[in-house]
Structures are given as structure tokens and as C-alpha cells.
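Chain IDs A, B, C and D follow the sequence of writing; residue 1 opens each chain.
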Amino acid sequence: MRYSVYPGCSLEATALSYMKSLEPVAEALGMHLEEIPDWNCCGASVASGVVGDFAQQVMTARNLALAEEKGLDILVACSSCYMNMGLTNKRFKDDAHFAKLANEALAVGGLKYNGTLRVRQIVDALVNDIGLDKIKARVKRPLTGLKVAGYVGCQTVRALPWEYDDPERPVLLDQLVEALGATAVPFPMKARCCGSSHAIAQTEIVLDCSREILESARSNGASMMVTPCPMCQLNIDAYQGMINKTYNTNYAIPTLFITQLMAIAFDLPPEASALKYCIVSPYEALAPLGVGK
Amino acid sequence: MVNNTILVVGGGISGLTTAIEASEVGCEVILVEKNAYLGGKVTQINQYFPKLCPPNCGLEINFKRIKNNPKIKCYTMAEVENISGQEGDFDVTIKINPRYVNENCTACGKCAEACPVERSNDFNYGLDKTKAIYLPHEFAFPAKYVIDPKACAGSGCTKCADVCQYGAIEPAMEAKTVTIKVGSVVWATGWNPYDASKISCYGFGVYPNVISNVMMERMAAVNGPTKGKIVRPSDGKEIKNIAFIQCAGSRDENHIHACSSVCCMASLKQVTYVREQYPDAKIAVYYIDIRARGKHEDFYVKVQNEMNAVFIKGKAGEIKEDPATNDLIVIAEDQINQVLTEEKYDLVVLATGMQPATALSKVPAAMSYDEDGFLASDPASPGIYGAGCVSKPADVAAAVQDATAAALRAIQSVRRRNNG
Amino acid sequence: MVDNKISSAPIKYDNTFAKEIYSLENGHYVKMCMQCGMCAVSCATRQIMDYSPRRLFNLIRAGKKEEFMRSNTMWMCTTCCMCKVRCPRGIPLVDVMHDLKALALKQGYVEYPQAAFYQAMWAEAFGRGRVFEGGIMARFYLKRGWNEIKKALGMKDLGMEMLKHGRMPIVPPRKIKGLKSLQQIIQRAQSLQEKEAK
Amino acid sequence: MAKKTGVFICSGCGIGESLDVDALVKVAAKECKAPVCKTNGFLCGKEGVELIKQDIAAGELDCVLVVGCSNRVNYEAFDFGPSVVVERVNIREQVAWSQQPNDEDTQAMAEDYIRMYMAKAKTVEAPEPYIAENLSKTIMVVGGGLAGMTAAIEAAKANYQVLLVEKEAALGGWLNKVYKLAPVKAPHTELEDTNLEARIAEINDNPNIKVYTSAVIEKTAGGPGLFDVTIKQNGNEIIERAGAIVLATGAVPYNPEKLGHLGFGMSPNVITQSMFEEIAKKGTITRPSDGKEVKKIAFIQCAGSRDQEHLPYCSAACCIESIKQSLYLKEQDPEAQAYVFYKDIRSSGQYEHFYKKAQMAGVMFIKGDVTDVSEGDEGTLVIEADDLLMGDKTMADEIDLIVLANGMVPTTAFEEGVYMGLGAVAAVTEGAGEAAASCDAPAVPPATIIKSNILNLQYRQGPELPDLKYGFPDSHYICFPYETRRTGIYAAGSVRRPMDMGQSVGDGVGAALKAIQCVELTEQGAAVHPRALDISFPDFQLTRCTQCKRCTDECPFGAINEDEKGNPLINPTRCRRCSTCMGACPERIISFKNYSVPMIGNMLKAFEVPEEDEEKPRILIFACENDAIPAIDMAGISRLQLNAWIRIIPVRCLGSLSLVWINDAMSRGVDGVLLLGCKHGDDYQCHFMKGSELAEIRLSKVSETLDRLGLESERVQARTVSIMDYEVIPKMLAEFMEKIEELGPNPMKGF
């Protein structure tokens, strides 16, 4: 199965481990990923707030236009990118006036988008295209006994509500976790916002939001969190130390991308699980499974 | 040749009314009901607002009117599969599902005593169980037992048949299809409570103590699963603190767009149920607008003055559960006091709205519908008319009024054709 | 939610400001608010918002421009989409908030740190075609000045950890090849949008 | 008179297991001398029914006693045509299922029931209908507004002659005033034309409809099928005969003079909804004061409505009307500002779409209590209000026009204050007073009738429809919104209850159907709801009448008038067969062929009253067949144990209770009498309004007599039960039994 891939900026930097684990896992499942050539930033959750939705969506549409000729579904890892790409794509399909206007702008760069593609979140593609059975079958190292809090985050399920999961009580990520042999603990905060967009401007918001999420994960007995969202991963993982300092708590919950967990379960080589990028060490949690440095 | 028979589809309060009113004008009427009994949703209601009187009282009169009236022919467990032809001359195919109990049944009840298996009781929204062979409820009309084939132990077990002295049990009974000719059709298949599990933020179906208003009606009814005692489903505990959440799925672009028009009065009524059983319970009602139209305002005023309930202007946004106690925390914006409130309750009742039956199963004829699936008021097919809650969200009085009007339209329809 | 009564009473209803808002890309949705309060409850930052979105919309209707511009509501929005998903009137609040931020920026209401961050990140995206954390921070701190830099020092451990785990490249990624055309496309889009607004 | 009565006893459904059926046969055959008496194990089965049919054929039985289950079930199995009277003796639910099996008292109870129904069979007769002559099937519609025109058109479409009477010169009523209508069909967002011309044309072109405009009704005499209506039209009197009447005279706006606190009268620019309609109808919406185009408008909702000082009820239509009117202005000038100050927006049902439409147009809705309306500069107005959702004071100024949503008052609520039902009058007027005294007439709780000068009914009980509340002659029943206390007269539209235009249309159609039904049933001599199709009717032996006026007072439907000598004049087509008159008559001159004072008298004389030393007390229960009897059946179906001493006699309604039954029972030595009837009071459940209440009033009279005879009046008590009270009934009986045991046996035993 072939996909175009839109990595998004964070996968080149703060979320390197996402890309590094996605590629081998995809390959292991027979998904061929083809990066959109010379893709540009989607504008994240910010551009609209400066130049408005239309300009941002046109900016995003450039990527769609670049991908269209291949005619492949576009796989998006980052939740913000998924929101912008998904909403823009939807608008091209639903709103003829918008499409006309947007193409007028794209024409300046000699581009055009006809709204023929599908934009897919990774979890969506894994569960609905590949399927849980095929994933189960691929598991070489069942994650038996590993208690995982599946942290879906906000935009991945709410950008396009009911596109592939319940926007408030999502289930697919947990199913994926269970397919790997791990135990998905009950996790009421699984779709709560980590406050990411305030990470730089008003860090305390992130700390506060993320602390609640960590607390919920711990109180439900999770030894690890997994997420499909680079911002969630960054905040829960990188800011955990600051959270402990600020609230003098002692959380030590490693946070992996779902693809990293899959790499482990598929027993792929260490660089595929890319654990060295974890700031909160995952090795203690993974020790029972025989995963070491 | 014009056929003067009127077909009424749906034996709830609207269908019953249309059928009876038309027959008392002198028309031949065929009434088709998919359940094993007539009366539909109102049989599951404890009391009507604002009089707080039992629906069975009016139903008893209506059933008496049917008993005294040879012009009405009733099919229960039946569904209309196809309508063809035109006004004055319709051919209708009706599928009659097997009851597995024939007309010999005297409702003596021996069979149920003997039956070894149980089924979840849909009449009480799954809050209790019946045997696989059961009388839907005490007042069931016709008073005949019925077997749930999904629950029945099947050919291996003949216990009920063995004890029945009247040869009433027919395990081999099969669905049959009959075709009838009628002059006009009134579609009155009514409504269903909106599936509250679609409103993710309220956790219906996830939190045991979040129930819907229709479940509340059963709990408050003496012939209900708790013999009329209002308690927590999770542990059967008494109620100290209860919340009613209005517009749970109504007035909502993500669910039913229209206002369901009855939920406000229904919740006010249910406040009186709770207050009667729990003089000291805390009762809160979360609302956007209280829609007690016309003289119903009196009831609203009465509840405000006498029931000691708190009315919170602000749609309840979210329900959280304490997994240890199954207590619920309702978060809302109290807009009058301009504060966010997080209140704890041991039972939460969702005022789930009315979804027309036609949203899920359409009329097998060319009809037009509105955005929620209600039958549009000007029918695309002449000779076929909607009545009651398939046409609009309505309380009982309004549904009966509409159904009475539908009877006249159906009569006109056949007489108009007679005039040629 | 911070209880914040409107200062100068009584509010005088005047819809000139409302009209200004309605003319924004998603501004007309504000009209549809039926004051149910679902948004107030659904917000991830509801505890620190001075006005819930519902109340903010009421300010708009009442024509209280100053209170509106000074309110932190739109800046607190994390774009988590909960209110957007739940709003019974189908108002895309996230998108509305985008417009409100853009308006505030345009009219020079930039005191909230988020305002600086938005400008910084946009400059990064527009100037490079892709964003670079280092670049954003640099621009942000330059805009915000000394206090923020002190705050930043408080975050140096975090920075170190990021570097140590190879998650914070020091060299910015190269600009995209099609940067020029991207910028032209965006500028064209902006001018088209302005035409639309009129 | 039923002569040949066959008794058929079923031993199925556990009857055989708990009773000695042979002994029952003895009672029927030997003791009661039934010419035919048979038993069967499955009487409602083919074979059992065949058994009965054969004997009917062979022995020409004219009466059949089916001794088995309740008449609530298997009714079709035991229908042998109109010539055969069938009496169901319920020994299943009421005996076998609710009494100790194989117990001598249970047996005695079953035997007594056979005796009682054999006695009943002696007097019961198959009723024959009363068919009046020169019956009219014409439907008269009073009021040519939306509801009235609809009723007229729809009745005519069903091929009935229609008379449409309108007091104004033109048809249309309210529609003449309005610019457009709120949507009545999907998508529920578009303003609709009134189509008044088309509607009027449809009426004028319809040969079935005869229209009287500028016409009022001088008087309405007669009854269903026989209404003789005197119509006064420009000086001439015309008399028309009609079969049934639809009252659709609508409502009028609440008097704005009373709304000074909202600025009415202060400025010409404060107007009512109807005034606004007229302005919009004229064309450009301008200020009354100076003709300036309106740029800013404010609507004040609940102006009078939902206000204990003014109209306690919600007028139901105002929210929709204001939304509609705000759209008028937006239609004219999208830039114009419109504010709606409201308590709750009551755009119920699909009107929610219409509410959204107004929001989309930019109408601003403010939940606030208006605290002040004052004048600003250049004829503008200022509204101050507590803005509840801002938690602050708000002010809207430079308003060109304020529209008060001033609600509606039914046309039946006006004129000459309040006229009480004759019951009250009888109690005060001297003559009646004496008459009353002579047979200690109970004071009938009066029905309020407002002399609104619309129908001018020639009814002894008053000239118009009884008022339910706030002047609306509405039905008191939720499941029967067209229930009426004046047979053949049906209210429709905003005169019946506050409603919007969409509802009025539907209501007009519904009322037309009921009127049609009434003329059809009247033609067959049958009753209308709730005893629909009942062809029995009361027969008065006037030779024995003492003119005590009780029947005329107590008839819940005003069916009985009075001649100059004070004799009752029954109008059989008005009669609803409730038999309240029968119970009211101290002389017992009123009876039905299948229901009479002697008939019940015979039943209560037929059961055995054991001697004192046997210590087997007897409790006689008169139970209303509508709710109490089904409730008792339910007790049986739920296998609840009932007291063994009771003997139950079903009655049509407790209103038919004759005091002589109490006397007879007492003198037979019956230890207690219990009346089970429907709830009364404000939320009464009695299907004939006041039956159970009247019974209790009568009881209060008899208690004195009992006390005089040295019989404790507590021996006779009344209870109200609802159909759902079956769980309560066993306890109720037990408590009553305790009381009786306290009192000891009836001293009259054995006399």
C-alpha cells in the first residue's frame, strides 16, 4: 500500500524519533511512504491567528497540490498538520467558492488542487487500512504485562470529529496498544489538551495541563504513555522534569510514539524504536520485556 | 374501484387515535403495530404532565373503544414492507412476525412460570429481565403472551408448551406476509429516544448512573423494574443529589437540530417524582431555555415554588465519574452567577430528545423529510399522511390533536376519490 | 473562569463593533451563539480565561470593544477543538478565535505573550517555509525582552536535555526550494481575502 | 326483559383448581333456575364458544352469563350479536386469582357473583337507540379566522355541508392584520404568505360552505344533530339547523393599556405586535411618531404573559411572532438593528430552525428583565434591563420602535364577568332552595361559565362552553384534547388554549373531524366519547318527577333543560350516557335499559349475608368501571390477595350512585360499603368530570341519616383510586376492614 507522507516540521527536529520509528514500522507492514517533495510548513495552529484561515489554508494547500499528481492518500503524523491538511482538504471538497479562490492564489505558483486526495492520520491508516489482525500477526515480542496509557491528544481526533474515531472518547489507539499485547489502562484524560500552543509563550499552562494528564496516567497504573502526537510527546516527556520541579512531584513516566512501541513489539532493530531520543528513560518500564540500551 | 379502508401504521397514541377517530366516523380501519402490544411509547410513561395522571387510564378507554368497534382490525408484531398504487387504491404488503403464541392464549401465565430462560426487558429499557415467554406488561393489549426467539432455548426446550393447557404455543409459527388494499395511509410510527451514547461528553452507556429520561419514567412506574422506587442503577442506593440535563441531543447541530418540545415539561414532571420520594434530595435542572408553553407555565411556576429545585441556566458541558463511588460530577457555566460550577450528583438524568422513527426507517413510498427526518408537512405522495411525532416533536395532547386531524385527511382522501 | 464583571456599567448596546467582527472570515458565526455555555465548560484553559467564549461573544454584541480587546480569551485558546466539537450551534470556535487574534494583532493589541509567539512563529514559517524551534524562540525573546529571557534561563535544563537527546538542532533547516513562490501564493491569498471581506 | 338466561362456567386458567365448579353449577341451575348451565375447561376456545352458540341457536337464549374471566379480555370471543345480552361474571381475576384457592369463603364469593349476575340478568335488556328526526349533518363553524376557515374547508372537503359564521364583514380574522406567517413547513425558516385571498376564494367557491359575515349568533338551541341556531345578520334573523359546532372565535391581544410600565402610552413609538403587523403590512416599517424609517427596533417578550399581575400563562405564540417580526425589519433593511429582550426563547420543536434564521440575520437576543423604558432624543426610546447573562445592567438607546409581545386572551374570557353553573344558583335562589331542601340536594360544585355572548346556548346550565382555566374552554384531558363538556361543540384554535398559527390550523382540522364524528354517531343514536357507540339512553318517568332539579343541576354535560313547570327536558343527543342523572334522582325515575337503580338493587340483594354468629362480614364495593375495575383486575393479574368479604358491583361512574343502594345494603345487614371512584379536584380523573365528587357529596348527606338510624356513618366510605393503584388496593381494603371490625357487625343483620 502506497502513501504520500507529510512529515511536518517537528518530525525534523523535536520529534525525530517519530519519523525514525514510523518508516521501519510502515515498511514492516507493507506501507510504502513517499515524502511530498519540497513540502512547506502548514502554519501549525498559529498562522490563522496572524493571517487568517484562508491564507493559512492556501499555504497548506500548496502541499496538497504538490501531492495530488501521485493520487495517494496523504499520511500525516503531526496532529496540527493533520488538522490543517485535513480541514483544508475537506474545504476543497465541500466549498466550491473556496476552492476557486484558493486555486486562484495557488496559480501564482503555477499550482492547482482539485480536492481528489484523502488526508489520513497515522492511527486511522494503521487500524483501518492495515487492520489490527495484520498488526497482531506481525508482533514478534508481545508487550505482555506492559501497562500503557494511550494518550490520543486533542487535534488528532477532534480536528475532523468522527472521521475515524470518537472525538472525546477515542478507542482506536487503545485497540492498537492491545493488539501489541500490552494492556491499555483506563485513562479518562486520553483526549485532553496538553496546552502545547502555550509551550513557549506561557509555559506554566503546559505544566499545569500536562501535570493533570501525568497524574491521571499514574493513578490508573500506567508505566508508560504512548501518543500519536509530536507536541503531546514533547510536553509530557521533555517538560516532565520541570513539572516535577514546579509542583515538586516525582513523575517518571516515559512517553513514546505509538510507532516506537510498535517497533519494539515487532522486534525491529534498536534504531527503529529510536528510544535514545526519550528524555524520561523508558528502559526501566521496558526491562521486563528484555529491551535494554 | 376505490377502496375506502384506511391503513394506520403505528399503534402508539397517535396511530390509535387516528384509527379510533376514523372508525367512529364509520370508516373501516386497519391498524398495524410492530410491537406485540398497542399503545407504543406512552405505555412506558409513568405519568403525563402536567396532570400527573397515568397513561393507562386513557389507554384503557381507547382499548375499550376498539373492543366495542368492529370496524377496526389490528395487526400486532407487523410491519409495512411495501406500498404501491395511488390515493384511493393502494396495495400494501404487511409482514407479520411470528408471536409463537396463538389466539388460544388466555394469559393465564403458566408458561412464564415454566420457562427456564430470561431476557433483558426492553419494555424497561433493559433495567430488568423477563422470561423468554412473557406478557409485555400488565396492561398489554391484546393480553397475549409472546416468545422472544433470540432468548428462547429453542426446539430442545418444550417446557412452556408442556404446561399450556390451551395449545396456545406454536414454536413452528413463521413470519407471513399479507397484501391488502386500502384507500389511504396514515403513517404514525412515532419516535425513539435519541441515542445518548452519541453525546460523548455525558458518558451515557459508560457511567451506570447516567440515565435517560425514558429510563426515569420506568423507574418511577409502579410496574417498572424497581416497583416505582427511584434508585441508582449502579448500587440500588437512594438518591440524595440528582441532576436533570436538558437538551441532551436536542437543539444541537451535532445531533437533533430541532427542539424536542417535550423534554422541559418532562423533566419538570420528573422533578415531582423525585421530590415525592425524597423530600430532602437536592435537585438541579441544567437548561438553556425552559420551554413550558401556554398553560404549562402554571406547572413550571408550581415546580419552582413547591419543589425546591435549583434551576441552573447553562447547558451542562461535561460529566465526570468517580470510578470508586460511581458518583458523577457535572460541570457547567452558571450564567446567572457568572461562575463555573462543578457539582457532585449520585444520579444524572439526560433529557434525551425525540428522534422520529422515520429518521431510521423511512416510509416505503416517495415522501419528503426535514433535516432531522421528520415527515415534511406537504406529502409528496397524496393519500399518505404523517401523524404525531413522525411529523413534529410533540407532547401527547399535541400528537393526539395531530392524529385526529390526520384521520380527517385520510377520510377526505378516500371520499375525494369517490367523487371521482 | 475568572469572574470578571464588566467595569463601566451599564453596558450600552451598539452593534458597530459587532459588525466589524461579523465581517471577519468566521465572524458571522458569532451571531449564532445561543448562550448555552457549553464552550465555557469545554475549554482546556477555562480556569484562566477572563471571559468564557460565550461571554466574549456577548461583549461583541454589546459593543464593548475595549473589554474585548483586553480580554485574554482568544489568546488562551489552545486550539484543542473541544468547544468546536461540542458547540450545539455548530460554531467553529477555534476558527473564530483565529480571526479574533488576527484582528487584535492587526490593531496592535499585543500585550499577551502569545501575541509575540504567534508573530514569531509566523515570521519563521513565512521566512523559511518551515519552522525552526531555535528561530522561533530567538524571535520570541527578542520581542518580549529581558523578563522573558530571565524566564528562559529557568528553562535551560530543558534546553540541555533536548540538546543531549538530539532533539534540538542548532543549525536551522534550509529554506524550502519553492519559498519565493510560497510567499507569493500567501500574499496573493491575503489580498484575495481582503477583497472577500469587502 | 331477559327471560332465558344461559350460564356458562369456565374452569380454565386455574378457576377449576381453586373453585368447586360443580357447586357453582348447582347455584346457577338449581338455586337460580338457569334453563341452561354448562361448564367447559376452555370456554373462550373454539369448542367452548361453539357450545354457547349451539344453545343460543337451540334454546333461543336471549341472555348469556359467561362465568370466567374479566370482560377486559376475550371480548370478541363472546360477542353473539346485538340480540343476545352477554354478562361477564369475573371469577378469574376477581376470585380465582386474588383469593385463597379451595377456601369456603372463596367458593362463597364465586357463588354470590353468580347469584348477583343472575339477578342482574332478570332486569337487563338490550338497549335500542334513540334516533331523532330531522337530524342535520351540517357542521357550523363559529369564527372565520385561520382555525375556523380551516375547519370549514376541511369539513367541506369531506363532503359535509358547512355554515361559517363570522362577526366581521370579511373572513380572515387575525390574518387580515398580519403581513406574513411564521413557517409551517420544512425547512421551517421561510416566512410564508397568509394566502388569505386564496383561502377565502376556496371557501366562496365551495358549494358545501355557506358563509355568514357581519353575523352574530343570537341563540343556539337544541343539541347535536338538532342545533337550531339563530343568526343575526344586518338586522335579519336567520334560523339554521346544524348537527355539530366548531367554536373557533380565536383570541385577542392582551390590553396594552395595562402595560404602562413598559412604556405603552408614553410614546407613540411603543406599540404592540398587532400594531407592528399593520405597519409592516402597509409597506415600509416606519415610526408612528414621525414616519422615520426604523433603523433600530426592540421587542419586549412576555409583555403581560408569564406575569402573575397580568396573564399568568405563556401565550405560546409571542416568541415565534417576535422572531418573525424581527425578520420583517431585516428583510427591509439588513443593516437595521433588532434586539429581543426575553425570559426564555420558546421556539419549541421545529421553530428552533426559525430562531436560528433570525440569529443568522443578526437579530440580537438578550435574556434580561426590562427595568425601565424611557424617551430619548428625537422620539427615540431607551430600554434599561438587567442583562442576566452578562451579570450586569444593560442599556439600549436610540431605539426607533419598541414592540411589546403582549400575548393573547381568548374571546371566551370577556363580557359580563362570570356566570356560575346553575348548581350554585340553585343553592341561592329561594325556590330552588326549598326544592333542594325537600330532598336535601347537595350543592353541585359549579362550573364556571363566562357570558361571552358567542354561542348563547339555550342550556339551563349556562350560555357558553364551561371555562377550564383563564377563560379557555379547553379539554381537561391530555389524551383527549377534544373532550368537551357540551356535546357536539368543539373549541379549536387559540380560543381553546394559547397556540401559534401552525397549531391553530391543525386544531381546526381536528375539531372538524370531531364534529363530523358527532353528527355521524348521533345519526345512529349512539353516544360520543368516552362511551362512544353506546346506544343506551336514559328514560325519564316524568309522572313521578318532583321537580327537584337535581338531574338538571348535576348533568355534567348540561344535557337536561327544564320546562316552565320545572320538569326536566332531556335532550337525548346531548346525553353522554354517564348516568349521573340516574344517581341524582331521589325518586329513581331515570333508568337505562341495561343499567338502572333496580337492576343494581337486585344485584346487591342477591348475595348472601351470613348471620352475625358466622363471623363472616360482608363489604359491598361499588367500583367505577373505568379505572377502579381495571385496577382490581390488575391486582388479580398480579396475583395480589384481596379481602375475602368483599362483593364488587361495577358502576358506569360513581355519579350514578343511588343512595337507595346504600340504604338497601345497610338494611340487609351488609357491614360496610366502599365506593371506589376516580380522583377529583383540580386534576380530576373522573371521565365524567364530577361523578366521584358527586357521589361523595351524596354520601355526606346519607351519613346523617345513618347516624340517625344508629348506624355508624363510617360504615360507608369513599376512596379514590387510579388505574395504577392496584398495588394499593389490598391495603386499602384491609384498612377499611379493620375499621369495620372495630365497629362490629351491622346491627341490622337478621332483621
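Assume contacts are C-beta pairs under 8 Å (C-beta built on N, C-alpha and C of every residue); 3 or more make two chains touch, one makes a residue touch a chain.
Just so you know, these numbers come straight off a predicted model, no measurement behind them.
Novice: Could you see whether A-C or A-B has the larger number of C-beta contact pairs?
Specialist: Between A-C and A-B, the larger count of C-beta pairs in contact belongs to A-C.
Novice: Give the identifier of the chain nearest to the protein's overall CA centre, each chain being represented by its own CA mean.
Specialist: B
Novice: With chain centres taken as the means of their Cα atoms, state the distance from chain A to chain C in Å.
Specialist: 23
Novice: Measure off the straight-line distance from the CA centroid of chain C to the CA centroid of chain D, and report it in whole Å.
Specialist: Averaging C-alpha atoms per chain gives centres 63 Å apart.
Novice: Can you work out the whole-Å distance between the CA centroids of chain A and chain B?
Specialist: 44
Novice: Tell me, which residues of chain C touch at least two other chains?
Specialist: 5, 34-35, 54-55, 85, 89
Novice: Enumerate the residues of chain A that touch no fewer than two other chains.
Specialist: Chain A, residues with two or more chain partners: 161, 167-168.
Novice: Which residues belonging to chain D are in contact with no fewer than two other chains?
Specialist: 345, 367, 389, 391
Novice: According to the definition already given, which pairs of chains are in contact?
Specialist: A-B, A-C, B-C, B-D, C-D
Novice: So in the complex, which bits of chain C are touching chain B?
Specialist: It is residues 1, 3, 5, 34-38, 40-42, 46-47, 52, 54-55, 85-90 of chain C that touch chain B.
Novice: Help me check something: in the complex, which residues belonging to chain A touch chain B?
Specialist: For this pair, the touching residues of chain A are 161, 166-169, 186, 188.
Novice: In the complex of these two chains, what residues of chain C are touching chain A?
Specialist: Result: residues 24-26, 44-45, 48, 76-82, 84-85, 95, 97-99, 101-102, 105, 112-114, 116-119, 121-122, 125, 128-133, 136-137, 140, 151, 155, 157-158, 161-162, 165-169, 173, 176-179, 181-182, 184-186, 188-190, 192-193, 196 of chain C touch chain A.
Novice: Across the complex, what residues on chain C touch chain D?
Specialist: Answer in residue numbers: 5-6, 9-13, 15, 18, 22, 28, 31-35, 54-55, 58, 61-62, 89.
Novice: Flag every residue of chain B that touches chain C in the complex, lowest number first.
Specialist: 201, 247, 251-254, 288, 313-318, 331-333, 335, 338-340
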